[in-house]
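Two complexes come next, and they have one chain in common, chain A, joined by chain B in the first and chain C in the second.
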Partner chain A sequence: MSGRHRTLAIAAPFAWMLAFSLAPLAIVLKISFSEATAERPPYAPLFEMGADGGIAFQPSISAYLLLLSDGLYFDAFLGSLRVAAVSTFVCLLIGLPMAYAIARSSPQRRNLLVMLVMLPFWTSFLIRVYAWMALLKPTGILNNALVWLGIVDEPLPLMNNDFAVHLGIVYSYLPFMVLPIYAALEKMDWTLVEAAADLGCRPSRTFFTVTMPLCWQGMAAGSLLVFIPAAGEFVIPDLLGGPDTLMVGRVLWTEFFINRDWPAAAALTIAMLSVLLLPILAFQHMGVEADRP
Partner chain B sequence: MTAARAGFPRILLGLGYAFLYAPIALLVIYSFNESRLVTVWGGFSTRWYGEVLANERIADAAWLSLSIAAMSATVAVLLGTPAGFALARFGRFSGRAVFAGLLAAPLVMPEVITGLSLLLLFVGLEESIGWPRERGMATIVIAHVSFTMPYVAIVVQARLAGFDRNLEEAALDLGARPLAVLRSITLPLTAPAIVAGWLLSFTLSFDDLVIASFVTGPGATTLPMLIFSSVRLGLSPQINALATMMLVAVSLCLVVAAWTMSRRKPLSL
Partner chain C sequence: MSRAAAETAVSDARSFIRIEDIAKSFSGVPAVAGVSLEIPRGELFCLLGASGSGKTTLLRLLAGFERPDRGTISIDGADVTAMPPYLRPVNLMFQSYALFPHLSVEGNIAFGLRQEKLTRADIARRVEEMLTLVQMTSFARRRPHELSGGQRQRTALARALAKLPKVLLLDEPLAALDRKLREETREELVSIQARLGITFIVVTHDAEEAMGMASRIAILKGGKLAQIGTPAELYDRPRSRYVADFLGPVNLFECEILGHDSGSAVLRLVDLDTELRVRDDLGTARTGRAWVAVRPERMTQTIGAAPVGRMRGILRAAVFRGESHSCRIELPSGKSVLFTAPAAVAIPRQGEPVELTWPPGAGVVLTE
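Coming up: the complex of A and B.
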C-alpha cells in the first residue's frame, strides 16, 4: 500500500473519533462550567462578546457546588461503585469456572459452547432485562411457582431492590467475563498443568498456582469490561431497581431528562469520567492487544 | 485429573447455560399465552403476534431502527476496516497509542456518557454552524457509528493478525501491484471479519436505547425506545411476542452468518 493510502486509512477513522468521541467530552467539560438557565438550550454561554468587542470568559462552578452540596450525588457514586464491584466479583465467580470448563472440553465442542455464551449477547439487552422482570415480579413466574408449590405463603420481594439490580447486571454482563478468560485459557500451554500434576501437585493447587497466573490478563480484561459499563448502567437500575436504588447513571438521566439541568448533568459526567478514568486507562492499555468478542 | 474433578466445572458450566437461557426460554413460552396477564398461563394462543404485526407504531419504529442499523453498520465498516488494517499492519506510526486508545474507549464507556456528550456536541454545532438543524435519524447514525466502529476495527485487526502474510508477499514478489494484492488477496481473506463486524455493528445499533434516547429528536422513535416506554409501565403480552420475533430473527441471521463463515474456511488456510 502506498503512503497516500496509508495516511488515508488512518486519517478517516482518526478524524471521526476525534470529532465524535473526543470533542464531545471537551464540550461536556465546557458546559459543566456553565450556569443553568431556563432558555433553549438550557445553559448560559461560557464566552460572551462584550460591548467593547472583547470576549468575556465567565466560568461558573455552580454545577459542581450543587453536586457537593447534596449528599444524594455522593451516595449515587458510592452506590454505583459498590453495585459494579459486587457484580463484577460474582461474574468472576461464575465466569471463571465456565471459561475453564469450555477451554477443557473437546475442540469440536468448544466452538459451539463459545457460541452459546455469545448468543445472548447478540440478542436485545432490553429484552433480556424484560425477561427478568417477568420472572421476578411479585406476580411473576418465580413467585407464582413458589406460592403454587407451597414453598412460600406470599410472594417474595424479588424485584425493585438492589438484589434484582445485581442479578440483572451479572446476567447481562456475564458473556463479557467468560469470553476474555476463555481466550486467555485457550492460548495457555496446558502441558504446564500436566507437568504440575505429574510432579504430584493437587488439581486445586495447580489451578491457583499455574492456571490462574497464566490467565490473569483475561480475568483483568473481563473484570474491566464488566465493571466500567456496569458502574454507569442506567437501564437495569431503572427497570429492576427500587426507588431507593441510587446509581449515578440513573441520577444523570433524571438530571438531564426530568430536571433539564444540563450543566449539572455535564458536571456529573465529568465526575463519573474522573472516577472511571483509571479503569478506562487500564483497559485502553491492555485493551487493543487482547482479543475480544 | 480425576473424573470427579473434571465433573465439577462441567456441572457449573451447565448451570451457567441454564442461567443464561432459562429467562429467555420462559419469555418465549409465555409469548404464546392467551391471557393478558403475562405471567399467568391461560392457554395457547398466537393472538399477540397478530396484534404486534397489526401495530403500526411498532412497524414504524422497527423500520426506523433497521434503517439506522443498516446505515451505521455500513459506515462503521467503511471506517473501521481501515482502522483495523492500520492497527494490524502499519507498525508503529506516530499517534498509534492515541489512535488505539480512542478506539478502545467506546468499548467500555458507559452509554450515558457517550449519549450526553454527543448530544451536547450536536447542540453546540447547531448553535454555532446551524447544523444539525433537526436531531433524529442522522444524529443517531453518527452516534452509532462512533461506538460501533471500534468493534469492526478489533474484529478486522484480529483476523489480519491471524493469517499468513506470506501469501501477500508471494504475490508482490511475483510482480502483482499492491492494489491488486489488496483486492485479490487481502480483502477476500478479511471478508469474514468485515461481515462479522457489519453484523456486530448492526446488532449493537439495533439494540441501543440509551445513546439514541439522548441524540434523537421529536418524531424519531426507535424500537428500543418504544419497548422501553412500554416496559416501564409493566409487562405486556405484545412485548413478549415482539421479543420472540426479534430473537428468532437474530438467531436466523447468526445461523446464516455462521454458515457463510464456515463455507469460507478453506480460503483462510
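Coming up: the complex of A and C.
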C-alpha cells in the first residue's frame, strides 16, 4: 500500500469517528455548561448575541454544582462502579478458566468453542435481556420449574433486584472477557508450562507464576471491556433491576426524559466519562511499561 | 551424600537409570515400542536417532511429560513411572530453551529453587554459583529477549542445573546454535558434566555431535533400540546397515553367503565377483545375503597385489577437504564406492582408473 492510500485508509474511519463520536460529545460538553430552562430545547444558549451586537459567552457550572450538591448522583456513581466492579470480577472468575480451557483444547475444537462464545451476538442484546426476564420472573420458567419440582414453595425473588442486574451484566459481557484472554493464551508458548512443571512447580502454582503473568494484558483488556460498558449500562438495570437499583445510566435517562434537565444529564455524562477514562489511561500506561525492555 | 545413599549408588552403579520395556503410542501409532536401557551414574549418554525414531518421546517419558503404555522407569532405585514431572529428580533443558520471558536470567535460574524450601540467601547463593558456572554473571538482570542464542542456551542450562538434578535431560542442546558456537558449547557441556558428575542424557539427531560428546550412545530406529555402545564400538563394529550408515559414510558391499567350513564363512562379493573368507560369527544367518561394510577412510589405493576384495573403477568425483580428499569411484557394475585419500597422496584425475582395496579387519560383515 502506498503512503497516500494508507493515509486515506486511516483518514476514512478517523473522519467517521470524528463526525459521529467526538462531535456529539462536544455537543454534550457544550450543553453541560449551559443553564437549564423550560424552553425547547431545554437549555439556554451558551453564546448569545448581546444588545450591543457583540457575542457574549455565558458558561455556567450550575449543572456541575447540582451534581455535587445532590447525594443522589454520588450514590448513583458509586452504585454503577460497584455493580461494574462486581460484575467484572465475576466475569474474570468465569472467563479466565473458560479462555484457558478453549486455548488448551485441540485446534478444531477450539474454533467451535470460540464460535459458541460469540453465538449470543447473533441475537439482539435487548431480546436476550427480555429472555432473561422470561426466565427469572416470578411466573417464569425457572420459578415454575422449581415450584413444580417441589424445591421451593413460593417463587424465588430472582428478578427486579441487584442479583438480576449482576446476572444480566455478567451474561451479556462475558464474551468480552473471554475473547481477549483467549487471544493472549492462544499465543502463549505451552512448553513454558512444561518447563515450570519440570522445575518442580505444581500445576496450580504454575498458573499463578507463569500463565497469569503472561496473559495479564488479555485479562486487563477483558476487564476494561466489561467494566466500562457495565458502569454505563442502562438497559439491564432498567429491565432486570429493582426500584432500589441506583445506577448512573438510569439517572441519566431520568434527567434527560423525565426531568428534562439536559445540562445536568450532560454534566453527569461528562463526569462519568472522566471517571472511566482513568482505568483506560492506567492500562495504557502499564502496557507501555510492560513493553519497555 | 548419606551413607545409605552411597550404598545404593554402589549397588546400582550399572543401573542408576533403569528403563524396562517401555512403550508409548500416540493415537495408535507407536512412538516408542519396547525399549530397555540401563544407564550408570555419571555417564554422558546420548539418545541418537533420525526424526520419528522415538528419541524425543523417550526423553519426555523420562521427564514425566508422557505416561508410558507399558514398562517402568526407575532412577536411583526409585520407581518414577507414575511420578508427575514436578516431583521427579530430573530436569530437562528444552530444545527451544523455554525460558520464562517475564523473568530475568536470575529469575529464570531461581524459579526451580523457589519451589523448594530454601531460604532467600540459599537461593541467591545457588543462583550466583550457576551464573558463574555458565559465565552469565554480567547478564543476570537481562530478560531472555535481550540475550543472544548462546546466552539463552547457557541460561537454560543453568536453570536446569540449579536444582542439582540426579539426571539432566538435554533435548538437542546444540541444534539452535551456529557451527562455531556449537563446537565450543559441546566442549563446555562435556566439561561441566565431568565437573558436576551429574548423569546427562542428550537427545540428538546428529551422529557427529553424539560421537563427540557421549561416553555411550543408544541408536533408536522406529521406536526400538538399534544398537548401544561406545562411539568407537558403534562406528567400527555396527551390527546393522542402518547403524553403519547413520554414523557416517560407509561402503556396503552386497555378498552371498556361499557356505561355512571349519569356523569360517565363505562370501561372494556380488559387485566384485570375488570370494571372501571371514570368521564365522554370522549367527543364525547361515545362507542368503550379507553385506561387508567398509568406511571410506579404511579403503586404500592398491599398489601391487591386494590382500582382500580388490576392485577397479573409474574416479568420478574428488572433493578436497583440507586434511584429505573425499573421492568416489564407479565400478563396472555401476556401484559407487567412496574412499578418503590423505591430502598428501596424489590422486588420479577424474575419469582415470583407480584400484582400491581394504586391509584385513577393516570390513564388518552385516546380515541385517
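The rule is simple: the second predicted complex is superposed on the first by the 272 of 293 C-alpha atoms of A that agree within 3 Å, B and C clash if a C-alpha of one lies under 4 Å from a C-alpha of the other, contacts with A are read in each partner's own complex, and residues count from 1 in each chain.
Methods note: contacts are C-beta pairs under 8 Å (C-beta built on N, C-alpha and C of every residue); 3 or more make two chains touch, one makes a residue touch a chain.
From a predicted model like this one, the values you see are computed outputs, not experimental measurements.
Trainee: Label the relationship between chain B and chain C on chain A in the superposed model as either fit or clash.
Mentor: After superposition on chain A, which the two structures share, chain B sits beside chain C with no clash.
Trainee: Answer with first, second, both or neither: which of chain B and chain C does A:Asp153 touch in the superposed model?
Mentor: Neither: A:Asp153 stays clear of chain B and chain C.
Trainee: Comparing chain B against chain C, which has contacts with more of the residues in chain A?
Mentor: Answer, by number of touched residues of chain A: B.
Trainee: Quick check for you: in the superposed arrangement, does A:Leu239 touch first (chain B), second (chain C), both or neither?
Mentor: A:Leu239 sits against chain B, while chain C stays out of touch.
Trainee: Touching A:Ala9, do we find chain B (first), chain C (second), both, or neither?
Mentor: first
Trainee: What is the C-alpha-centre angle with chain A at the apex and chain B, chain C at the ends, nearest 10 degrees?
Mentor: Value: 80 degrees, nearest 10.
Trainee: After lining up the shared chain so the two structures overlap, which partner does A:Leu214 touch, if you call chain B first and chain C second: first, second, both or neither?
Mentor: Only chain C; A:Leu214 stays clear of chain B.
Trainee: By the touch definition at the top of the document, which applies to A:Gly249: first (chain B), second (chain C), both, or neither?
Mentor: Once the two structures are laid over each other on A, A:Gly249 reaches chain B alone.
Trainee: So, A:Asp189: does it touch chain B (first), chain C (second), both, or neither?
Mentor: second
Trainee: If we overlay the two complexes on their shared chain A, which of chain B and chain C does A:Asp198 touch? Say first, second, both or neither.
Mentor: second
Trainee: Considering the aligned complexes, could you tell me the closest Cα pair distance between chain B and chain C in angstrom?
Mentor: Between chain B and chain C, the minimum C-alpha distance equals 8 Å.
Trainee: Once the two structures are fitted together, what part of chain A is touched by chain B and by chain C alike?
Mentor: Correct list for chain A: 197, 203.
Trainee: Sort out for me which residues of chain C touch chain A in the complex.
Mentor: Residue list for chain C touching chain A: 63-65, 84-87, 90-92, 94, 96, 98-102, 111-112, 115-116, 143, 145-146, 159-160, 163.
Trainee: How about chain A: which of its residues touch chain B in the complex?
Mentor: 1-2, 6, 8-10, 12-14, 16-18, 20-25, 27-28, 31, 41, 94, 97-98, 100-102, 104-105, 113, 115-117, 119-120, 122-128, 130-135, 137, 139-141, 144, 171, 174-175, 178, 197, 203, 224-225, 228-229, 231-235, 238-239, 249, 252-253, 256-257, 262, 265-266, 269, 272-273, 276, 279-280, 283-284, 287-288, 291-292
Trainee: Over in the complex, which chain B residues touch chain A? Could you list them?
Mentor: Interface residues on chain B, with respect to chain A: 1-2, 5-6, 8-10, 12-13, 16-17, 19-21, 23-24, 26-27, 30, 37-40, 79-80, 82-83, 85-87, 90, 93, 95, 99-114, 116-118, 120-121, 123-124, 127, 142-143, 145-146, 149, 153-154, 157-158, 178-179, 182, 203, 206-207, 209-210, 213-214, 224, 227-228, 231-232, 235, 239-240, 243, 246-247, 250-251, 254, 258.
Trainee: Going by the contact rule at the top, pick out the chain A residues touching chain C in the complex.
Mentor: 189, 191-192, 194-203, 205, 209-210, 213-214, 293
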